[in-house]
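For clarity, chains are labelled A, B and C in written order, and residue numbers in each chain start from 1.
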Amino acid sequence: MKPTIGIEVHVELKTMAKAFSLSKNNFNDEVNTNINVLDLGYPGTLPRLNKGIIDFALKACLAFNCKINRLMHFDRKNYFYPDLPKGYQITQQDTPIGYDGYVEISNKKIYLERMHIEEDTCKSIHTTDTLLNFNRAGVPLIEIVTKPCINNGKEAMEYLEKLRETLLYLGISDVKIEEGSMRCDVNVSVSDSDKLGTKCEVKNIGSISSVGLAIDYEIKRQEELIKKGEKIVEQTRRFDDKTKTTILMRYKETGNDYRYFPEPDIPFVYIDDEWLKEISDNMPILTDELKNKYVELGINNNNIKTIISNKNICNFLESVIDKCNPVIASNLLTGDVLSYLNKNIIKIEDTKLSQDNFIKLVNKLDKKSISSKQGKEIISIILENDKDVDLIIKENNMEQISDDNFVIEIVNKVVSANPDSIKDFKEGKDRAVKYLMGQIMKESKGKINPSLANQTLIEVLKKS
Amino acid sequence: MISEEKVKHIADLAKLNVTSEEMSKYQQQLTDILTEIDKILKVDIKNEEIMISPSNNRNCYSEDVIESHISKSDALKNAKRVKGDYIIVPKVIE
Amino acid sequence: MRYLDLDIKTINEKLKNKEIKPIDLVNEAFDRIEETNLNCFITLNKEDAIKKAKELEDKEVDNILFGLPIAIKDNIVTKDLRTTAASHILEDFIPIYDATVITKIKEKNMIIIGKTNMDEFAMGSTGETSYFGNTLNPIDNTLVPGGSSSGSAACVATGITPFSLGTDTGGSIRQPSSFCGLVGLKPTYGRVSRYGVIAFASSLDQVGPITRNVYENALLLNVISGQDKNDLTSSNKEVKDYTSLIGKDITNLKIAVPNYYMSEVIDKTVREKIINIINLLKEKGCQVDYVDIDYLEYAIPLYQVIALGEASSNLARYDGIRYGLKVDDFKNVDELYKNTRNIGFGNEVKRRIMIGSYILSGENANVYYYKALKLRKEMTDSFVSVLSKYDLIIGPTNTDVAYKLGTKQDDALKSFYDDLLTIPVNMAGLPALSLPVGYKNNLPVGMHIIGNYFEEDKIYQLASYIENNLKEEK
């Protein structure tokens, strides 16, 4: 039996202003304050058009390889619901800004049917009554619809991760599923023939992993029904986080009658070559390109994964990567820096860490003029106060001695003072080297470059 | 003649009540209108261009900047059912 | 003697030399409202108008419309002044902002006397669908004043104010102007901002002036025109001085008369009045030709599809939640919607919403709506092609003169046929004016002058010539 899955994703764009009204696009502010007469659907009001939403949507179109409807208009989707102030939603039915795109995941391309711009509804809070917060009314959304080309939960999850990651790197959305700035609906059907089966929709799933679970559950549920010879009825279901199952919400009415027609209040928008070029010239580097670059620079896979999934860390790395050793930089960022951030629940911008000081530190480590242990001490200091790295080293007397003559002098001194150890070394006893290194560190008051000393010691011992 | 069922569906879409007395009148009127507008289907035209509005404007947009808001009291001024800072409606059950 | 009966230039002189004050004009307007009983107004703005007039006493008379009373159709929103669109559903609606045209007339220190009666949501051509009762025709109280701008026309015709603003979706300025013997202009679509105009059909609605004569009409158009960032369909075309061609020689104007506008459907006397004008213009040396304009005969079904489709969507916002009528009888949201709308809307409005919803439902949108949008383009192109050869198009405004109250109610189709000659102009978005050109049985006959896009100045040029050279005939 063959499952077929299509996914619809709504993503809130983080423009300054709303889509078709220029009130503030932030519904988390104080209730019913980011609104104007348009958001309330007052008599006589007409839509505005925020260019920012088109710019943002174009970025997404380019990132997802969509063709672009150069001459586009908007449409009205008519239905009554208390969260819809005008009694219609401004959307794009005839001319979605993007179409025929794809997103690459590890083993295949996920094809996109369309991507269009629309406006969000009020936020409803259900108590004994339903309370309406109009701050969200008119917030810009893009809806991204795949073709029915996904085969299982794993592919769906991979697609959504990639989508989320890319939108995040485009800087056009917060893409937080838990806060509703990314919302996923999936359509699942199973068929035992060449024809597509009857689809069931699972709406508003709360996380990417739940999408995977919901899909796999739906496939199993529908397969079992078909095996039993039962007919699948088109319906809308929801995912239950506790039981990890999907639950029937309602059977689909005989087609929704949204009475779409072109929005007469917003003139055509024509996206010319110049506009498109401006967008493509200003596209940020996206994750695939970053990953390839990091592999070439020799950063290990675990670090790459960590960096990509932490966009702020990645941005920081990008800002220093040409000026210092990328491997050392990535180790510091994914290690000490990230654990410091996680422990304090802050972002890298919230710390005192400056690029210049960080580069200095990496260069010191790179030249081995300080030990990695000292590096850890220093990073913990400069995360807190951005004190100059040179000054920290000087004040704490941390400078390592890498001067060859001095190193040889100390090593010779220690070796000649411990003739027994030479014997042990010749007999192949490891502890001899460890012991001698300890004595060398002690003699140099810990300031000697350990790897250089180690290297020198072994040469001296071999010659002895 | 347009069916009663159809008229009910339309009334439901438009959120209007159609009483049993009004039903036959609506059936008749919608049927008449349909006959009238059927005339345009018979016109043979060459162009495929749609005219959404007489306006020739294009690319009428604003830059992404926030303009003024209304006060909370203005927002709630004409609403008939208000609780705290919210406009309310009877509970909508999903 | 009433100062308000003087022409605007004279009133302006008297205001300037302090012979009269704005308050004198305001008092005259309210006195006249008392004397006449035409139900022109839904809401009077008396207290505020008097206050405003007093304030103006200390101000310099800086423009020709300074201190003059104006009446505003009640589908144009006015901050803090009740605006109902003549509907029960907005009976207690107090707008929290001004329409752009209101801001503009306030900037000129004109004084708003009140909000005029109209057909509910501008749906009708008699004034009779108003929730607040019909308006009477000042010429004969048993007749309709025309509609939907019924109060705006009656108010100027009876001398309450020299100016009013109306709106025109399918003839709602021109038809009542014609029935009341006034000059009424529907400007080019996009010439005047629709921001704050309660939408009936978004792609057809325009605000325009209703006045006693051509010159004063152009003066008011000068004030209300212009691009508005709040109306994306408003044009950035330069606002001309629309009075500038008034009095200029018309000999070189080429004029077209569509055969459709002079067919047997049109009353014979009305046609004769138009022929008189054609002769007058020919005598003057103008070229006047009869022409065919393709697709005009589809204007009414086109209107039904487009205007009512748009209207069904535009009127969806009246749900009793954020503003509007409060009903208490409901058990859930669906009943709240249905009961509010059922009690709040009158029959004509409900009928049109039903038709519009039906036209857009299911497959109908694809079958009818998109075909209508293509046909609309064709019809517009045929107008444009005539206007590439001619400066202006003339004909009658209406098929006949004003008729008895109560004759055309409750007929879904007939009510549209009143607008047979006016609707095509809205479809194409062209500017058009109705000018009184004589009488049939003592009732005014209106002539239609249709111009090319943004050439209202040429319309006024011709209208003014006819106005000045036909006087002796009345």
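One rule holds in what follows: contacts are C-beta pairs under 8 Å (C-beta built on N, C-alpha and C of every residue); 3 or more make two chains touch, one makes a residue touch a chain.
This one's a predicted model, so the numbers in the text were calculated from it and none came from an experiment.
Across the structure, the highest number of inter-chain C-beta contacts is found for B-C.
A simple rule picks the central chain: find each chain's mean C-alpha point, then take the one closest to the mean of all protein C-alpha atoms, which gives B.
Note: centroid distance subunit A to subunit C, computed from Cα atoms, is 56 Å.
We define each chain's centre as the mean of its Cα atoms; on that basis subunit B and subunit C are separated by 23 Å.
Averaged C-alpha coordinates put the centre of subunit A at 40 Å from the centre of subunit B. Residues of subunit C in contact with two or more other chains: 93, 96, 202-203, 229, 232-233, 312, 316, 319, 321-323, 333, 337, 357, 361, 373. Contact of a single residue of subunit B with at least two other chains is seen at positions 9, 13, 15, 50, 52-53, 55-57, 60, 62, 70, 81, 87, 89-90, 92. In subunit A, the residues that touch at least two other chains are 37, 40, 48-49, 78, 80, 82, 130, 132, 257, 259, 262, 264, 266-267. Listing the residues of subunit B that touch subunit A in their complex gives 9, 13, 15, 50, 52-53, 55-70, 72, 75-76, 81, 83-94.
Subunit A contributes residues 37, 40-49, 76, 78, 80, 82, 85-88, 130, 132, 255, 257, 259-262, 264-267 to its touches with subunit C in the complex. Residues 7, 9-11, 13-17, 26, 29-30, 32-34, 36-41, 43, 45, 47-57, 60, 62, 70, 74, 77-81, 87, 89-90, 92 of subunit B are the ones that touch subunit C when the two sit in their complex. The part of subunit C that touches subunit A in the complex is made up of residues 76-77, 83, 85, 90, 93, 95-97, 99, 194-199, 202-203, 229-233, 309-310, 312-313, 315-317, 319, 321-323, 333, 337, 357, 360-362, 365, 369, 373. Subunit C makes touch with subunit B in their complex at residues 93-94, 96, 189-190, 202-203, 229, 232-236, 295, 298, 300-302, 304-305, 312, 316, 319-324, 326, 330-334, 336-339, 341-342, 345, 350-351, 353-355, 357-359, 361, 367-368, 370-378, 380-381, 412-413, 427-430.
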